[in-house]
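Here come two complexes built around subunit A, the first alongside subunit B, the second alongside subunit C.
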Partner chain A sequence: MKILRIPAVREFLRILLAVVAALLLGFIITLLVSEDPIGAYKAFLTGPLSKFNRFGDWLEESITLIFVGLAVAVAFKSKQFSLGAEGQLLLGALVSGAIALFVPLPGILRIPVALLAAAAVGFIYGWIPGYLKAHLNANEIVSTLMLNTIALKLYDYFLIFHIKPPNAGYNASDFFPKAGVLPSFVPPFMGEIYTRFSQQTNVTIMLYIMIAAFIAAYYMMFRTPFGYELRMIGANIKFANYGGINTKRTIILVFAISGIFGGLAGAHLAMGIHTKLIMNISLGMGFEGIVVATLARNNPLFVPLAGLAYGYLRAGADVMERASDVSREMVLVIQAIIILLVTAEGLLPVIQQRVAARRSANGQNAAALEGGENG
Partner chain B sequence: MAALVEMRNIVKIYPNGVVANNGVNFSVERGEIHALVGENGAGKTTLMKVLYGLEHPTSGEILIEGKPVHFHSPDDAIAAGIGMVHQNFMLVPSFTIAENIVLGKEPTRRGLLDKAEAIRITEELSRQYGLKVEADAVVETVNVGMRQRVEILKTLYRGAEILILDEPTAVLTPQETQDLFRAVRKLVAQGKTVIFITHKLREVKEISDRVTVMRNGKVMGTLPTAEATREGLARMMVGRDVFLEVNKPPVQRGRKVMEVQDVSYVSETGRSMLKGVSFNVYAGEILGVAGVEGNGQTELVEVLTGLRPAASGRVLIDGKDILNRTPREVRLAGVAHIPEDRLTNGLALTASINENVIVDRYYNKPYRKGLLIDYKQVNKLGEALIDEFDIRTPSGLLPVSSLSGGNMQKVIVAREFSFNPHILIAAQPTRGIDVGATEFIRDQLVRKRTAGTGVLLVSADLAEVMSLSDRIIVMYEGEITGVFPNAQEVSEEELGLYMLGLKRQTPEEMEAYL
Partner chain C sequence: MVELVLRGIFSAFFVASVLRISTPLILPALGGLVSELAGATNIALEGIMLTSAFTGVVISAYTKSVFLGVLAGILSGILIAALLAYFHLYLQTDLFLAGIALNIMATGGTIFLLYVLTGDKGNSSTLASGAVPNVTIPMIHDMPVLGTIVSGHNIFVYLGVLLTWLTSVMLYRTPFGVHLRAVGENPVAAESLGINVRLMRLYAILISGALASLGGLNLSMAYLTLFQREMTAGRGFIALAAVFLGGRTPWGTFIAAVLFGFFDALSNQLGSLKVPSMWVQMIPYVATIVALVVYALRKRAIYLERARKFQERHLAELQARGARPHETG
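Moving on, here comes the complex of A and B:
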């Protein structure tokens, strides 16, 4: 049982057990509300893998979740409770969508320009609450929520009055021209695979950008001087200040860089998934980043895993709702309970205790650590 | 007759595998003051938590007056007449003292709290035990000494016969300590029993009847205090000979490294905390700052290190003004700082030891390589400092929170000493840490000074200021009221008069020696 001593293994087991417990609880609820509980639960558990397009839906949604998860993880790691991903996402979608629609560049230029613009607008829109926090001591929870409202209304305003076709009977833009739509992540020369993916899913090159983003975020957080500053501020801001770190500058940058990921999530929604600008394009997606970041313990390396897992739950819930008699409301209840159990850190400390007992029995006394007493 | 409290073969293993108590036998007689001493991490607090029902022993038994008891929670212990005053007070800051004392067992009238009765109870208890408190004052407005008396009264109100005081003097000034000792003696005179946790050997000699020494989760012995010597106790605690007296070569005063000129500071609430403070620090000397806590020493240190903005004045380091600069600029000018509150300012507990020692240098070579931090170099530095400063840990990659208090302080000392400062500002460098680490840190301070660094030492421990310093200044209400150019020639009583504001020198008298 030596393997149980590795912290990562224990952590993994802990999450696994939490998921199993949560799924059991979810099944009990399904038993109560469904005539065909096994069928319904099967739809929930295997739905995202049952059809190719559902598999695609899962991946697409996960990519958005991973971007907003990174946005939140970067901010939370330095204990800046920014809830601004939603606003950054909306403005990212708006700006990239406008460029995709109206800037007459060939695709090879139009797409990078749109992505850069989305990142830039996220950076700027994150910079604002960062500045307010650092220099005016404005509570970031309040300021980011207010900025979300402003972003939402700006999005609606520009969409309704400037972007949608003047005589259209609906509040949405035209579909983007081909030069403004993100290409499939499978290159065209792959023949049949390309056709399948590009026709049945919207998994785009954003997949690669996401992979680059989480690796970049990880290196930034754990390998660069800026990441060190960010983490020390999160661990103890007074210590950071005492040690000579320019805490104000770092806090502003943390917010702004977090905004980049929010903006890119918006670009993904606009140019990858919907390929047009619509009302309610986000529906609170920015806030789901909190769940993803929490599952990943604010570590960018774990964000993709957390995003895929949470995306799977969400996709499974969608399938369950469509394929069974369980109502959407109950599906959401089950989903929430699962998240609740998985994020409850104190759950199942049993394993840790058992390992500890074994270790002390081996006489490997940890007195060297002298950690047992506060005195 | 059976002992009042008897703990037999207590073993406590924490879930994380730390063996805090390893077969401890401990007994207390009725009506005694029993000191429990040991280094941080020796298992004192854990043993008392077991007695108070906060922790469940892994094995072993507890007998009260010869009868076995099982405490499932502090409520059971309280019912058996045991009360504990924790190191960190557990009071409701926004409640009055009377409300805090009756909390959990409130006198009521028509279902509501009877405030008049609460105040009467408080005053009655206060008179009976000679513990002075203001019953209707709000806790957050009173000083630490009174908060501690509130804690003691609270346990007495709940009928405690056995009082456990966990390092009660760690937060007190010398005067408050004396008040506490008087109160403890009075409690014992009225038939109470006191268990006194400490690691200050002076206090053991002064207050206790018997003393039990712990080391590494085991009891090393129990003996009557009259038969114990400080040196003997220190040896039992640490396991080797300890030099309690500081040995230092004569002072070789060099150039002026720090000139403090007319520095004033006004707090956020508008109180004038520093009123035109001026003095110099020279290379190769330790300048001690004596004073009762709260007379501006904290503010002085934080102003000098860039953590608080000064209202006026100049601070020259080798001719360069560093007042109201950022902490980084102050550090770059060659000022090291061992902060008063190591947990608040000095360390990031959840970060690794290695990451704690690079906070002042991570952005420079060799720790920075291009865009990245070179963690190989960082870890190399960590290992070297752990070795040089004798930080007891299996690895520099562990979080600082896994260390004992003394070793945490060594992490700070390692960082601050290793960048070769011109001047070292040390605030309460040995507060709340064990004998072994205290000896080590004092020795390091003297070495730095002898090697030519200027040291400004601020300490509430008068004995420490007197034994380490070459020159002493006294602060009283934000001013320097006395300077003693030869620290060996001044008595504790004399300093005490200046510290309490009963005596002061004129600016003319002081001028030549500042």
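Moving on, here comes the complex of A and C:
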């Protein structure tokens, strides 16, 4: 059982155990409330793979989740409990949507400009709570929550008073023109596959941007001096300070960079999935990012995996609701249990103690052997 | 038009409505204050409110007793708080993440159970749930202005004021309160003086749960008399903001919560003007950020002042001894 001693493997097993336990609990709940619990749970667990468009739903959802997951992971890794992803997402959606609608550029320019603008507005909106935290020690949980509501009000204001068609009876913008919609991730020359994906799903080139984003985030966090500073602050801010790290500058940058991912998530919702601006475009996506980041233990490398896994559960819950008498909110309960079990450091003390005891016993044996050789 | 709005604001009815709108913020804010002062920021206020609002409605509908509904609501809120405390204090879950998880669980769980019980995911209108009675204060009720403002509210409005006072007494006038604040101020020092930090935090979180659940019950059994999905609408978080806006004191928190209520009521009044309601609704949130900044600046100013005084005294002492600073050796 040597493999069990690698911390990453143990961590993975622990998370897997938490997910399985939560799913079991979900099944027990289903047993209690459903007339056809097996059918309901089968729909839940296999739903996203049952039809092509559902497979697409799963991927689309996961891309958003991975972006907000990255936003949260970057901040949480340095122990900055920013909840600002929601606000950054809303402003990212607003700005990219406005550009997609109104800026008269050809698609090949309009889309990059809109994406850059979304990233920039996320950066700026993340910078604010970062500055407040770094220079004024303002509680970031409160400040980001306030900024989220301010962003929501700004979004609603611009949507209702400036963006929606003047005489529309509903609070939504027009659909974006073709030059403002993200193209499918399959290039058009691939014929059959292209038509299938572009007609039945909204999986766009954001998929590639997402892959680039998570690699960039990983590289930044583990291969650059800045990433080292970021992790150092997360591990022990006082130590980081003594070590000569400019903690204020790093904290501000952490918040702002986290904002970039939030803004891009908004651009994906606006220009990829909905292709118009609607009210309540986010619905708590920022908080979903916390789940993804927690599952990935704030490591950008594992965020895509966590995002796909969690996106699968959410897509499955949608299928279950349509196919059975169990409502999709069950997935929220499962989600909560997963967070609690994954983050409960003291939950497996017995097992960990045993492993530690065995390791120290091994260590002593090894030391004794070495000692024997020397002697 | 402006005159109409002004007359609306300066009427007794407006003051009364501000009180009514503020109460579901005051009660959880007091809860947030107690746990915050014990050094355990309670993010789960929102989930606790939602759970108690739901439980109160369901139990009162099935037992036909408002009292049992309220009691069950409070107990359910304390239960969620106990879960938070257990996971944080005994299983070392991060307090913040545990709070978020419980909020998510409360949101999903209440909608899920609502659907199971009523077949509706929106609200509990098919359940005949109870309402907490309004209080008519005998003499005052018939007075012209004062009667409208002070009398005829539901019990929670009076509870809000009373509990603010009680919380203030508890925190500043009892050994328990002093210990509680000591634990929040400096847990290591408190521990060394023989205060059980973990136990004090457990009490603080449970008290916070009880207070927040009163806020939830206020929403579903007085403000409205049914449960709606996600009916707390972020009030738990606003309550937390009120704690900071109010400078982490009971009456400051009370005033901050009323301020939030005031702007909420104001944005309703402004519906008749052409001012977009979003701008008005934004004000308390911007104000909270400004308050965070002011609070931080004031703290820094006090610190600098202290450092300056110390330095002056130090220099004076040196001069008294006849030595000149910076010219030693």
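Here is the rule we go by: the second predicted complex is superposed on the first by the 327 of 375 C-alpha atoms of A that agree within 3 Å, B and C clash if a C-alpha of one lies under 4 Å from a C-alpha of the other, contacts with A are read in each partner's own complex, and residues count from 1 in each chain.
Operating definition for what follows: a contact is a pair of C-beta atoms (placed from the backbone, for glycine too) under 8 Å apart; a residue touches a chain by one contact, two chains touch by 3 or more.
Small disclaimer: the values here were computed from a predicted structure and weren't measured.
Residue contacts after overlaying the shared chain place A:231 against subunit B, while subunit C stays out of touching range.
Of the two partner chains, subunit B is the only one touched by A:246; subunit C is not.
In the superposition on chain A, contact of A:81 is made with subunit C only, not with subunit B.
In the superposition on chain A, A:136 makes contact with subunit C only, while subunit B stays out of contact range. Shared contact residues of subunit A, touching subunit B in one structure and subunit C in the other, are absent.
Of all residues in subunit B, those touching subunit A in their complex are 12-20, 22, 40-46, 87, 166-167, 197, 216-217, 305, 307, 326-328, 331, 337, 339, 344-351, 355, 358-360, 362-363, 368, 371-373, 375, 392-394, 398, 401-404, 407. Within the complex, the subunit C residues that touch subunit A are 41, 43, 87, 90-94, 96-98, 100-105, 107-109, 111-112, 115-116, 121, 234, 237, 240-241, 244, 276, 278-279, 281-282, 285-286, 288-289, 292-293, 295-297, 299-300.
The touching residues of subunit A, when paired with subunit C in their complex, are 29, 33, 81, 132, 136-139, 141-143, 145-147, 149-150, 153-154, 156-157, 160-161, 287, 290-291, 294, 327, 329-333, 335-337, 339-340, 343-347. Remark: subunit A residues 219, 223-225, 227-228, 231-232, 235-236, 238-246, 349, 352-353, 355-357, 359-360, 364-375 touch subunit B in the complex.
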